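Paired with chain B in one complex and with chain C in the other, chain A is shared by the two complexes that follow.
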Partner chain A sequence: MAADREYPGTPLSDDDVSQGKVLMVKIDPNARYAWDAGIAIGRFLAELKKGRIVGRRCHRCRRTMVPPRMFCEECFRPTDEWVYLEDSGRVNTYSVSYLRWDASRLEEPTIPAVIEIDGASKGMGIMHLLGGVKPEDVQMGMRVKAVWKPARQREGSILDIRYFRPY
Partner chain B sequence: MGLRRVAVVGAGMTKFMRRALETGRELSWQAASMALESCELTLDDIDGVVIGTAPDCFDGVHMKGEYLSDGCGAWQKPVMRGYVGGGTGVFSPIQGWYHVASGLFDVVLVVAEEKMSSCHPHPQGAFLTIFDNLLERQLEPNLIWIFALEMHRYMTAHGLSKRDIALVSVKNKRNALDHPCAQVAEDITVDDVLNSEIMVWPVNRLDVSPVSDGAVALVLAAEHVAKRVTDKPVWIDGVGWHLDTAYWTNRDVYYPKYVEYAARMAYRMAGITEPRKQINIVEPYDPFSYKELHHLEGLLLCGKGEAPQLTVDGVTQRNGDLPVCPSGGLMGVGNPIAAAGLMKVAEIFWQLRGEAGKRQVPGKPITGLAQAWGDLMQVGTVVVLRI
Partner chain C sequence: MGSPEQISQVEDIRYVYGEIPVNFAYTLGVAGERFFREIMENGRFMGTRCQQCEYTYLPPRLYCERCFAGLDDQWVEVSSRGTVEAFTVAHLDLEGQPLAEPQLLALIQLEGADGLLVHRLGQIEAEDVDIGLLVRAVFRPRRQRKGSILDIRYFRPVAP
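For the complex of A and B:
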């Protein structure tokens, strides 16, 4: 690699774009999707609507899995039974986010976390948010419990759990 | 196994930039034509083409392999596009390797491109589409969430501080000052990293590689061709790749097992039994500062939790015992996803040939390794090169 040669590529500045010094072609395809929730997650969402977290157990490897699946990806065979889990668990890891999904800045941070759900096999967690706690008071391994939306507002979504709070 | 030896014989790249005037096809052509020119071959000498490019959603062009194909010299030839997320840049040369090793092709052109700037207002928005569509997107995650969650788990498992990790940014951004294509080369201090804006704690702005446009290309050749076109072929002696579960919340992310399995596959092929002694120079994937450390451990180049101390001790500096990211890495040169991975392979190629200019590590290294990682924190890709 010759350091003295000129490498190709023409960097543009923000001004080049915002002041229209270069031409751009824009399109908004506005593509929208509606996904079938499937068998396993369909049931999981229906149970969330009832205020319950459900997992799925494989009799061969004896794992109780959440999120639930109809086939065990390790044994590569059907899973065997539905198991109701607790709506509580332990913080496996957490972070403190000052960014929205689109990279715009948040004034008040959110606290994304992985929560290991009680009743599932060790290490089986889901991603959700922590709430009702200041970021500086959260600890790794802390016990947390789901804070549900009121029953009539639930619609069969992961957001039926508003967040998990320490208890 | 009856596999043929395969060498890297040429390389080319564009600058890495936040926004390039050139289209993805033009960038691909610039890198591909430079790679051919570097080994005095022409497109007529190329039997097949491998295209590496990461999510279609950045370019906003579906069937991106086909879109980029003329810039990659692929028309009227057998062509393949592989895709394993961020691991793509090191997976593409693996695909090129098995094209040639199989005996079906003598000379293959490998081109990796990314133009992330096309996604508005910020490419981060496109990352929402990598998360689980039924259970995770509703929480409106950004990509930095999951890295912050992984980094925090890594820090907790080994009792590490942010200060232990920030040194990686300092080293790589400084190394990049000597790279003619670098986007974010800087001379900074650990305190600059710690005092930069918090994005998703524990990740600060200077712990993260930038959004980039760019392209890189390599020419791979079978032994009889390689020995004819260059007196310094760089042999691909080991390749490995491995995928872990996409249920990333069901496994302990403090250690990248899939990188270890990919490395073991490559080491077995290359006859490496003591990686720390037998590998002289490393380009592990460093989109975030902690990832360089995480990956050094997964590559078995040190024990679990020991990579930060190697960095503090200067072992991973360019003049250290095990130079790590002498290019400046993604943290310094930039991160056009697939192109960034292939840049790492190109860096090892230049270093082993003694052609890395001001970045050249001392001591005439003979064995180097490049690694990338991707998908939902689940894929490892590894290439071992020797001169």
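For the complex of A and C:
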């Protein structure tokens, strides 16, 4: 098997690195960034801080979109009005993840899901986490409701909603 | 068709701030390890030479880039004196912020080497630097050396 083959080279052990037996250059670049949310997501985030989910309606195709956008991708025209939506909905799809964003292992899995928000058009939803439910009990179509952070802890982030729980 | 909405309140959330932790450790490899240990412990430059190609690598390479010959037993000492082959004056730091003092950066060919080193120039003003200028490495005191390229403070001009 290829896996048993020895390749030429000079491997390093964990000790070589952790005990500083070899010279190395440690680099910690400043990778801070500011992401411009734009008008629609800017308002969406500002409303999350107030404990509300807001969408955007197009009068031509009559769709209510969430996350909101200022331009209708089906009609090629600006969208028309802001509409407040419920903070409940249905699980459109979900996954059970044992990895963090940096691919390190999680003991307890997270359950990322797309949640169709009540008041928005069918299929319109946001990505979030499910909580208060075991992975094996989650079903597509299940009704869920947002669990919000206390108002003082909200900062205009998608994480102002802790997770969605069965409801 | 412009956007139908104007930003009317400056407290509107427009930016989402984030930070990606991307710290890493770069190990130097066999040739780089020896190169920097020699600088740190002995205050000298060691390169590797390919006899076949008549080329001395500095920084050293473990294999000849021209003929792929192994060079791990072909170490040669190289002078700490050399000539400026190219230079520039930096006014901004790595993040684009103005530097308090402009820095002189140069490509330096050490005597006995064919490769080039990038380093700082010191004890000289920008208007006095010329291609072909003779320079010598100024090492930090032994105790302050860490096995880094900054174990050399800079290269200073020397009389021909």
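Going forward, the second predicted complex is superposed on the first by the 138 of 167 C-alpha atoms of A that agree within 3 Å, B and C clash if a C-alpha of one lies under 4 Å from a C-alpha of the other, contacts with A are read in each partner's own complex, and residues count from 1 in each chain.
To be clear about the criterion, a contact is a pair of C-beta atoms (placed from the backbone, for glycine too) under 8 Å apart; a residue touches a chain by one contact, two chains touch by 3 or more.
Remember, it's a predicted structure, so these values are computed and weren't measured experimentally.
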Partner chain in contact with A:Glu73 - chain B first, chain C second, else both or neither: first
Chain B versus chain C as contact partner of A:Gly51, first or second or both or neither: neither
Partner chain(s) touched by A:Arg43 [first = chain B, second = chain C, both, neither]: second
Partner chain(s) touched by A:Leu99 [first = chain B, second = chain C, both, neither]: first
Chain B versus chain C as contact partner of A:Met127, first or second or both or neither: first
Of chain C and chain B, partner touching more chain A residues: B
Partner chain(s) touched by A:Thr10 [first = chain B, second = chain C, both, neither]: both
Touched partner set for A:Met140, first chain B, second chain C, both or neither: first
Touched partner set for A:Val22, first chain B, second chain C, both or neither: both
Contacts of A:Trp35 with chain B and chain C, given as first, second, both or neither: both
Common interface residues of chain A - those touching chain B in one complex and chain C in the other: 10, 12, 16-17, 22, 26-27, 29, 33, 35, 37-38, 45, 157
Residues of chain A defined as touching chain C within the complex: 10, 12, 16-17, 22-39, 42-43, 45-46, 49, 70, 77-79, 156-157
Residues of chain B defined as touching chain A within the complex: 11, 13-22, 27, 30-31, 34, 60, 120-122, 124-125, 127-128, 133-136, 138-142, 144-145, 148-153, 156, 178, 180-181, 197-203, 213-214, 245, 247, 249-253, 346, 350, 355-358
Contact footprint of chain B on chain A as seen in their complex: 1-3, 5, 7-12, 16-17, 22, 26-27, 29, 33, 35, 37-38, 41, 44-45, 65, 67, 73, 92-104, 109, 112-114, 123-129, 135, 140, 157-159
Touching residues on chain C, where the partner in the complex is chain A: 1, 3-5, 7, 12-30, 32-33, 36-37, 40, 95, 147-148
